[in-house]
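Following this message is one structure expressed as structure tokens.
All chains are identified by letter, namely A, B and C, in their written order; residue positions are counted from 1 within each chain.
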Amino acid sequence: MERRAFVKRIRDELAGGDPDGSTCEARPCVAPAAPLYGRSVEELQTVFLARQEELGVEATAVATRRQAQTAVGQLLDERPWSLVCSPDLSWPSIEERRTEHTAAADFGLVQARWAIAESGTIAVDTADGEHRATSLLPPAVGFFLPLSRLVPRLGDLLEKLVETRDSLPACITMITGPSASADIVGVRVVGVHGPGEVHVWLIEDE
Amino acid sequence: MTDAAHALAPYHDSAGAETISGVDPLPPTSPRVVTRISLMITCLGDALFPQVGLEAARVLRELGYRVDLPSRQVCCGQAAFNSGCQGAARRSAEAFLRAFSDSEAVVCVSGSCTAMVRHHYPKLFAGTSQEQEALRLGARTHEFSEFLVDVLGVQSLPVACHRSATFHRSCHTSRLLGIVEAPERLLAMVEGLDYHPLARPDECCGFGGTFSIKYPQISTAMVDEKVEDVLSTGAKLLLGLDMSCLMNIEGRLRRRGAAVEVKHLAQLLGEGWQR
Amino acid sequence: MAALAKLQRAAHLAEIERTLGDPVLQQTIRTRQDNRRCLQQQAAAELPDWQAWKEAVASLRSHTLTHLDAYLEEFADNLERRGGQIFFAADAAEACDYVVRLAHAKEASLIVKAKSMLSEEICLNPALAAAGVQAIETDLGEFIIQLAHERPFHILGPASHKTLEQICELFRELTPEYLPPEPQALAAFARRYLREKFLSAEIGITGCNFAVASEGAIVLVTNEGNGRLCSTLPPTHVVLMGIERLVPDLSGLDPLLTVLPRSANGLRATTYMQIISGPRRSDREDGPRELHVVIVDNGRSHILGTSYRPILHCIRCGACLDNCPVYRNIGGHAYGAVYSGPIGAVLTPLLEGIDSSAHLPFASSLCGACNDVCSARIPLTDLLLDLRRDVVAQRLSGRGWELGMRSFAEITRHPDLWRAAVRLARLALKPWVREGFIRRGLGPLRRWTAGRDFPAVPPKSFRALWRRDADAS
């Protein structure tokens, strides 16, 4: 159906019904204030890391990016794994393990944009050359998360997105734990389609 | 036809949370003002369970109130209303309204009938000449346990019953009227009562009015689970506030050969009253 | 139409019998309900102002629908601004037709689908199959029921009725390799099997949980990752969206995404929540080159104009199904439609026409458990009562019931008639009374006594005893 006719049909139905009590144009003030805890960075960090443990995510707080990179290097050597990540994120010592072929990579490394302490959620997006498939196709995925990017609640994250809405990336993905499903007889299994193994390095000086 | 989008009915969480919107909750009725109570005994109460009304009246008299029975009352129209027969429901309800026109305070021995009057009458009579009368009746009709605890503020009762008992929370009573604490408090006032709560006191017993006859197979499956819950408490006495639910559960208990007696809370209080 | 109604009703009753008579299935449904209720309650208890959050959802949904036309236009403008394409589908046929034409235009032979109740509502898969396009469900539960050729059993857990052996048997038809009846192994197989489909499909179709008007963005809420795969790998991404999915702006997502995961799965957040605004911005990015959003009406606008509008507030959390004692016993298939449980009992007659599903509003004891747990505080039992009223007004229910109710009503207007009726009932039932109860009755009583005893009518009614006491004193 043509757009105008489609919308008109809706408008006519709405006009036919009794008018709503609140005919004001203003969008309703929504979320109740729900501070589960204070907002000190230490507290947020503690809650976030506790959530990761509950979710079965390997999360480590490190002082610098250098340390995080060293940890990734060790992980890759142990398994041994191939790595996919954006060129901006990469560093010399792992270049030999890096592959462009995401579908065949063992481990995807992604720069996290934001994280939510309350739910233990990590937000990534498609800005700065980050690919969606990097945190999706490999069976294992890791995130570099600057501590300064940790916010208390979902509402805080949404506020940040609103602030930068003019440059909203094509895809923002919020990730909470490994891919999971209980569709088979109610038993929780991980790594159904997305990554089953998740690592997070919380970089304290960023 | 009222627009339900803007007449959201009040809903009470079974935890007794706040109303959303719409009809006033229980109005503050001062016990000093009311001396006369009119009994709403319900059609089921009149025909099948006369003892419930008698015991309820006894308790109210013991507490010092004059109790009368508006003689023209028969049925609040709930069954017809729940069946979608709006016209028939209104016919019954009109007569019911008239029957109570003289009453000051009305106490009903059924949570579901109280809910019908308080919760559904406003919509049933919306836009009619009886709308105000319906709202007035709703404002002064109370369920039995609610009346004792919330209106009269009863703190203790000279009641004893040395038996093991459990309690079923009827859906309309707990959800539509938000009556959860009142019966619990009353049970606690009964000396010697060995109370074992159900694992799932809120779970529907499967009566649902005509549902029990339209879908007897589902109804029976539901009441079976309730019976299992009752039996697992080990209680020998099942109590409640609604004879329609209790009749349903008792019917299944008996069919399964279970030796559990079933009574309305009013009967427990009336029979156990110590003189 | 009457014939269809009879068939639907017969199927409904047959399915109820079947489910009630299957002890394994009964146990499965109950266990799942118990587990989910527990998870939901725990998650809700963690937020001290849980009710306030649900109020926020309710008022946001109400506001959005009141101004739906404006938000729809805003959404369309913004989506197009960001490079997306929109199609407005008045009904199922238009929606299917658009997708089929698009599939042909893209020369697509394989489509991967993420979970979309709407796609089932409009019967998209059969339309695609008829046009020679294979559409594979990739959500684990949907994948299973697609193989079984069944309807979803539950809005969130479509295959929740299937046993391990049944699933194993279905998967074994796809591969010669040995599959043990073990959840992790079966899931691993599904992952392998479907991964190559994701990589080769020309089109990915998803549903849409919410559509943000201010950004022209769609929001996908999933747990497995198949939604992400469908919206990332194929070069064309098609979103199927009901008109009521709109949200004014990003901040409106707060109450919605706070309540939905908790009500649905007892989670603080689902594994994946995506906000997608348009196709890839440049070739530096991956993701689909084209994003098509098909906005579907299919009877929803009509509901808007009636007193049933609140049913459109539903955010598809499934909590009503998990707390419904009727669903607990009859399962999802007995509702005979895509949507089951309390939401289905209201939505199906409204979308499909009340004449063919006149029985659904009556398959409820009106206990109200659904109202208590509804994420959007929809007064479901009130809507069921309204539907029952409509069924009777349109004379779609048995005349017997209506006449019976009317006769009863007349009797209740006359206390003398009532007294006589009670006396008559006492006499008529006397032959069947044993120890104060009736074990076998006639007429409507027969249905009761099939499973329960019925109390005999006592020798004296309350009124008679009251008069006796009054005379005595």
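FYI, contacts are C-beta pairs under 8 Å (C-beta built on N, C-alpha and C of every residue); 3 or more make two chains touch, one makes a residue touch a chain.
Just so you know, these numbers come straight off a predicted model, no measurement behind them.
Colleague: Which chain's centre, taken as the mean of its Cα atoms, is farthest from the centre of subunit A?
Modeller: Computed centres place B farthest from subunit A.
Colleague: What chain is most central when centres are computed from CA atoms?
Modeller: C
Colleague: Could you put a whole-Å number on the gap between the CA centroids of subunit A and subunit C?
Modeller: It comes to 29 Å between the two C-alpha centres.
Colleague: Centre to centre, by mean C-alpha position, how many angstrom separate subunit B and subunit C?
Modeller: 32
Colleague: I'd like to verify one number: the distance from the centre of subunit A to the centre of subunit B, where each centre is the average of its C-alpha atoms, in whole angstrom.
Modeller: 51
Colleague: Give the residues of subunit A that touch two or more other chains, as numbers and ranges in rising order.
Modeller: 17, 20
Colleague: Can you list the subunit C residues in contact with two or more other chains?
Modeller: 62, 307, 309
Colleague: For subunit B, write out the residues touching at least two other chains, lowest number first.
Modeller: Counting only residues that touch two or more other chains, subunit B contributes 3, 5.
Colleague: Of all residues in subunit C, which touch subunit B in the complex?
Modeller: Residues in contact with subunit B: 16-17, 20, 26, 51, 55, 62, 307-310, 325-326, 328-330, 361-369, 371-372, 377, 379, 382-383, 385-393, 397, 401-402, 405-406, 408-413, 415, 418, 422, 425, 437, 439, 444, 447-448, 450-455, 457-458, 460-466, 469.
Colleague: With touch defined as at the start, can you tell me which subunit B residues reach subunit C in the complex?
Modeller: So the residues of subunit B touching subunit C come out as 1-5, 8-9, 11, 13-14, 17-18, 20, 41, 43, 45-50, 53-54, 57, 69, 71-72, 74-75, 77, 79-89, 91-92, 94-96, 171-172, 175-176, 202-204, 206-223, 225, 247-248, 250-252, 254-255.
Colleague: Which positions of subunit A touch subunit C when the two form their complex?
Modeller: 1-3, 6-14, 16-17, 20, 22-23, 25, 27-28, 30-32, 34, 36, 51, 103, 116, 118-121, 126, 129, 131-133, 136, 154-155, 158-159, 161-162, 165, 168-187, 189, 191-195
Colleague: For subunit C, which residues are in contact with subunit A within the complex?
Modeller: 28, 31-32, 35, 46-49, 52-53, 56, 59-60, 62-63, 66-69, 72-73, 76, 82, 86, 88-90, 94, 138-141, 144, 157-160, 162-164, 167, 183-184, 186-188, 190-191, 194-195, 198-199, 214-215, 217, 223-226, 228-229, 231-233, 243, 248-255, 257-258, 267-281, 284-287, 295, 297, 301-302, 304-307, 309
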